[in-house]
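The letters A, B, C and D name the chains in turn, as written, and every chain counts its residues from 1.
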Amino acid sequence: MDVSIILILLLAGTLVTLFSGKAAGKVALAFGLLALGASVALLTKFNAHQNIGCLGVWMENPQIYFALNGDGLSLAMVLLTTSLLPIIMYSTFGSEVKNPSSFYALILFMGFAMVGTFLAADGFLYYIFWELALIPIYFIALNWGNGDAKERQKAVVKFFIYTFAGSLFMLASFAYLYTKAGNFLIGNLSALSLSADEQFWIFLGFFAAYAIKIPLIPFHTWQAAVYQKAPTAGTMLLSGIMLKMGLYSVLRWQLPIAPYAAKTFMTIFIVFGIAGTIYGSIVALRQKDLKKLLAYSSLAHVGLIAAGAYTLTVDGLRGAVLQMISHGFVIVGLFFAAEVIFRRYQTREISEMGGIRVQAPKFTSMFMILVLASVALPSTFNFVGEFTVLYGLSSINIWFPILGGLTIILGAYYMLKMFQNVMLGEANPKPFADITFQEGLTMGVIIAVLFFFGLYPKPIVDMITPSIEQILSYTHKL
Amino acid sequence: MNTLLAITGIGVLCLLFEIANLRKAIVPFTVVALLGTLGITLSDYGTVHSHYNNMIVTNNFSVSFSALFIVLTIFLVALSGDFYRKTEAKISDFVSIKIFLLAGAVAMVSFGNLSMFFLGIEVLSISLYILAASQRLNIRSNEAGMKYFLMGSFASGIILFGICLIYGAMGTFDIQEISELTGSAELPEWFFIGIVLLTIGMLFKIAAVPFHFWAPDVYEGSPTLTTAVMSTLTKVVAMAAFYKLLTGMNANISYEYEMVIMVVSIASMTVGNIMALRQTNAKRMLAFSGISHAGFMLMTLLNITSSAGTLLYYASAYALAGIAAFAVILYVCRDKENEDIYNFNGLGKTRPVLAAVLTAALLSMAGIPIFAGFFAKFALFSQTIKAGYLVMVIAAVINSIISVGYYFKLILAMYTKDSTEEATKVPVVFYAVGVLSILINIAIGLYPSFVINLIK
Amino acid sequence: MDTAYILLLLLAPFAGFLFNVFFGKKAGHNGAGYIATFAVFVSFLVTLFYFIRINQTGQAVSVKLFDWIQISTFKLSFGVLLDQLSLLWLMFVTGIGSLIHLYSISYMHDDENRHKFFAYLNLFVFFMITLVVGSNLLVMFIGWEGVGLCSYLLIGFWYKNQDYNDAAKKAFIMNRIGDLGFLIGMFLLGHLFTTLDYADMKITIEGGTNAANTGWIAAAALALFIGACGKSAQIPLYTWLPDAMAGPTPVSALIHAATMVTSGIFMITRLNFLFGLDNVDMHTVNLVIAVVGAVTALVAATIGLVQNDIKKVLAYSTVSQLGLMFLALGLGAYEVAVFHVITHAFFKACLFLGSGSVIHAMHGEQDMRNMGGLKKWMSVTYITFLISSLAISGIPPFSGFFSKDEILMTAFHSNTVLWAIASLASIMTAFYMFRLLYLTFFKEFRGTDEQKHHLHESPALITFPLIVLAILATVGGFISLPGNSWLNNYLAPVIAHKGHGEHHLDNTAYMLMAIAVVGGLIGIGIAYAKYIKKSEVPPADAEMTGFHKLLYNKYYVDEIYESLFVKPINALSTFFRDTLETALSGLVYGFGKVTNAISDKGRLVQNGSIGRYLFAFTLGVVAIITYLFYNKIA
Amino acid sequence: MGNVLNQIGIENYIFLCVILFSIGVFGVLYRRNAIIVFMSIEIMLNAVNLLFVAFSTYHQDAQGQVFVFFSMAVAAAEVAVGLAIVVSIFRNLGSIDIDNLKNLKG
């Protein structure tokens, strides 16, 4: 058994779900759980130091392999995906979904593409999965989204074209690399000795794709609008997993292939990331729409993660991965909280909320915990990530963590302000039923994960560290 | 050779069927017969034959492309049955003209002599003139026919002039001999002028900027099935013939010549894509999209010695996607006055399968993975980078981005707008053609080496 | 065995928290309160056990529970260190904590969310214990932020009032500013020492390392001090503490007087081996600490002079006293600072609880202008309040006298300016405390008849802690008598000794004591003259003028911060949201718009005329031919 | 024949044909009547045919002349189709001015 089993499960799930009519949600969830089970099984194999990667020839000319990574970094990201997928699907059970078979099939397909992106060890395969992930989210956002149809279309199409545009530059980079190396295997690509100029252009090509996907400012303009317009499940997929595709790719592809460029321009890109952190935090302060606010908070967080990734230090990279995973969970939880409110109030305008705490203490507590995790309270998973990232940044220049650390101040500011305006105050005249079991379970699971790894991140750290050292070994050889 | 004979035979038989009053059987017969021909063609794969004093030379290049043309024709003929249901009396004419057109097409990739090439291109063109103007009472069809005819024969004149100058320089029409002569000694200036004139003629046929003006008008005005022929089959044929001409005659491509190709290529991509953005008519939009794809395909000429496989792949990907798209367009605009995009509104709900087919086709054209269009683009990019034309690739990348804009207009219409009318029953042939061509598209998208390696 | 006890110490309050979160509501009317009190008391017992043991053996206990965060060069584990310092702190955290829990049972009697209150209190104690017992800075940081969180939750406990929520938010954010400093400090130390363990760092420093002599270590110290400023409400991060009085009074007593706000002092004392380093940069840092402490003491005291809200006065008094402690820290007199922390915990907790008792009796009224004459009804509260006021004013033999005197003495020996400032602050303290006492308990009652009707002494659950704390406030000073200090000896193993030492009881010392006492009496005297003799009552808000108004409005610091930081950030946010985001977004859309516009124009070229098409065709031919053959033909 | 051609020089034939061809082109460009445009195209084709014959003689090679037959046949077929289209346009529009054909544009 190797990692391809997850891909197979998810793809099979997509097809089965597509033809399962009304029961689609449950079928999809079952497949999601199966995939999770498979990834956990693979984890045990991995921990037993068995090879779970996969290498097969896809075609001879051009030489393309069906190669999948079986290392800790990929596995960690796959675990993130396969554990979030069931949560996301389960979270939708509380509300009516029209045309469920297509909806859940698309979600599973999206999972398939994202898992593929995290696993692929062949650049070509990777690019295919990378692009493939765009299609389902495009339709999910378009067909199941909310708000004015015209606006939504505009936002979603912009998102698609924008991200597609970015990735085409990556494709060009890959095409160039292919002419150099003769195939796309990550190992061979990283082993190429490219001149400084070549590295610079390739780095830039990758950067175009990743900066838009992650997104880094000023390439982020698609984000808030799409998050707002997409259905919550779509937003969760986007923010929880898809953003991490870009960040993961920085680690997996950009740094090892163009280490010299990464080293030379390190400061610029770290500044990009940190600027995004501060900018996102400031913009989030005065958002009127709950989902948009969370979108900007995402922008702030991924900026910091990216900055960590570009430090080229073990701490920065490790922190980035930890933060990716923790952010994935917490942002899904937060968007779900927004959805819980939406189910009751049919609005996402913060000004129309307030005074919910009186009526829904359980929900308040869970929401509070998620908010706190998002501002990286120690003992939550996010703190572990943020601390490590900031530590990594501090080894480059002490001003980086000071500026990047502003996020812990501004983050607290906008999140608590939001929490205050949404939840606290005099009782809201509109009734607010406390969370159902389904909703409680969804949030409970996320919270449990956040606390567990917040106190005991060692399993993940041990899993990803060898991969990170491997990646950094390419940058050290210079 | 056998292919050509068989095809011509089928064409003649079609006409005979009319006499024998077997109209209903024409389409099925033709499809089956063409499948047989496909078999015959493929049986020649791997061998090199020449016939009639090198008039016809078959090799892997010609076999592969012929096979592609036949496949495309099968799809097009299959769609004819429904398309000509109102003028069934003339169906044998329409089908046989398509078959003859195919004969011309096959001749254009298997010629061994410039006269054969000229005959092939004229057979193809004249058939198309007829098809374009075939709706006699429709002024738009007439106009399309007229425009195509006038400009086409103008281009024919230029091609003929080009052939003439080549002949004047070489004293022979035989490709093989010309190829040998180009390698030796000094060549008269005429030869190069001849090559350039031929090039211009072929650029016209593939509708490259600035010789593209006819394409949108003709595509729009022609009966939709004819548009399908033009946008899929003809474009691919012309490109293959162009490629074969340049390689066959071993014309030393100079730097200046490459510059011309580059400029034309970039201009085609850009003009095609930008003009397509604001079109409201689906056929017209696809015409511009075809212009931009012609620009992409021209990039293969920059690395001419080794890009045959890429060209075949790109052509297959493009044409198959085109067939799938046109199968849907044909259904949607069956009884409509025009092919405006609003006709597609709500197709995602009323006809999910067809909508999916069209979506897939458009995604393939846009170059999104797992569809063949993606790999085609990729192969093109990497080949062009290898040849050292980074600028071209960047231009192509930017154009790919623009192209998504208008492809998605159709997709948006299908999925986000509501249909205004009741869905009519869909003849199964639309499903069959659409789904089949998309499946082939995906299949070669997943296993590109199968197609690319056909020509080495 | 130790592990089990330590887990009990740590987890008892946490268990109480969990219990109250999930079952508190069902646990009967006072169930939650008793459970919570019991949980903290358990911790207290464990602490007591260790405290007694360490007094006998002098052996610190260090336990590593599990590995936590890994940094490239070192691992940070979740470790516990029980030494003299942490046990001392635990003693009053859990001890006073238990008392305040007990007090709260009665105080929060009528609140519908009692169980939450006790849950939060328990959680606070849990985090406070974590802060104190951690064996490295990062564990301390868990507690550090955790107590901040509980502070946030408890300040905003009455969440229906958005002003209270604002106060809570403000507290959290200002603490976070400090926390960033703390983090930066940790990073710098991490790079310097490749560890954050106190013991390891201490060994490295004592072993003499180059790291100790770089400017970086001073920078780290400064960063950590910023963290301390946030938590312990020093200039410039002190403004949250007065606002934090929005929380229920027991919270103010426990968190904002006795325990949490002293975390900064704890941290610096913990790192005394670092802050006490003898190099130029570190001297500068210490001077900064001392000056900040002294100035804070004075500024807060001046503001406290005129406040009318009974809790606000106490809050500024707390800030002021904390300033004195930092003064001591900055001067290197760590044990003196610790001493004052302890005595302050006693009398300030007592004062807060007393004010709570008053507020309880007044049904939520906090404005002293509406009180008066309460000693008639509330004798126990009055007496305990009086004792504590005497203690804080530095009147012998109450505890405050000893600790404050130590600080003043230390200051006098290092820097007379600082001494003068501190003395002035002390005099003011005496004045405003007695102003508070007189306004509240003396003269006639100034409230409504309705309130008067309900006035009563608080129940035993409230008075018992008051009495205990008053006793402690009286005798607490004896743990460190000048010349014979039990405390100094006790702390000797954890505080690296240098220069200062104990002050001998020479003439200077006696003189200083006299000055301090006389100063205190002067303060009391002025208050007496003003409020008893002249029966003055502070004017209504609108009637205040001049300097009085400036002080009453706290030098407008909040307003200055608002317009310097909060408003610009919000304006920036609005600008980003409305302008920049739209512009950036428009830029991307702009590409689309431009291409669309070109497309629209381009369509005009395609005008349908065959003539034009053919012309273009010919032009193309001519152009290509000319380009290719121009040279050859010409 | 060869002598004559050699006396005149092949270049002159080429110039003649180029001129003829250009006349055809100009005719196509300037005339608006469909029939006259056809005729202009025929002039172009025939100019080329002439050149074919000239080259055929120049090379002493019959292929060129054979090619002329091909091209004449093709031209005939073309004209047949073209005229049919013209007729049908005339029926629909009552005019064969190519400037009237501007329905398809944009």
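Basically, a contact is a pair of C-beta atoms (placed from the backbone, for glycine too) under 8 Å apart; a residue touches a chain by one contact, two chains touch by 3 or more.
Please read these numbers as outputs of a predicted model, since none were measured by experiment.
Novice: So which chains are sitting against chain C and chain D at once?
Specialist: Touching chain C and chain D alike, sorted by label: B.
Novice: Does A-B or A-C have the larger number of C-beta pairs in contact?
Specialist: A-C
Novice: State, to the nearest whole Å, the distance from the C-alpha centre of chain A to the C-alpha centre of chain B.
Specialist: Their C-alpha centroids are separated by 42 Å.
Novice: Using mean C-alpha positions as chain centres, tell me how far chain A is from chain C in Å, no decimals.
Specialist: Centres of chain A and chain C (C-alpha means) sit 36 Å apart.
Novice: Between chain A and chain D, what's the gap in Å when you average each chain's C-alpha atoms?
Specialist: The separation of the two C-alpha centroids amounts to 66 Å.
Novice: Round to the nearest whole Å and give the separation of the Cα centres of chain B and chain D.
Specialist: Between these chains, centre-to-centre, one finds 27 Å.
Novice: Which chain B residues reach two or more other chains?
Specialist: 146-147, 150, 154, 216-217, 405
Novice: Residues of chain C that contact two or more other chains, please.
Specialist: Chain C, residues with two or more chain partners: 592, 603, 606, 608, 610, 614.
Novice: In chain A, what residues contact two or more other chains?
Specialist: 161, in rising order.
Novice: What are all the touching pairs of chains?
Specialist: Chain-chain contacts present: A-B, A-C, B-C, B-D, C-D.
Novice: Hey, which residues of chain D end up touching chain C in the complex?
Specialist: Touching chain C from chain D are residues 25, 28-29, 32, 98-99, 101-106.
Novice: Help me check something: in the complex, which residues belonging to chain C touch chain A?
Specialist: Counting only chain C, the residues touching chain A are 21, 66-72, 78, 116, 138, 141-142, 144-146, 149, 152, 156, 159-160, 162, 165-166, 169, 172-173, 176-177, 179-180, 183-184, 187-188, 190-191, 219, 569-570, 572-574, 576-577, 581, 584-585, 587-589, 592.
Novice: Under the definition above, what is the set of chain A residues touching chain C in their complex?
Specialist: Per the touch definition, chain A meets chain C at residues 158, 161-162, 218, 220-222, 224-225, 279, 282-287, 313-315, 318, 355, 357-358, 361, 365, 372, 377-379, 384, 387-388, 390-391, 394-395, 398, 401-402, 405-406, 408-410, 412-413, 416-417, 420, 423-427, 455-458, 461, 465.
Novice: Okay, in this complex, where on chain C does chain D touch?
Specialist: My answer: residues 603, 606-611, 614-615, 618.
Novice: Can you check the complex and tell me which residues of chain B touch chain C?
Specialist: 146-147, 150-151, 154-155, 158, 189, 192-193, 196-197, 199-200, 204, 210-211, 213-214, 216-217, 254, 256-257, 259-260, 271, 274-278, 402, 405
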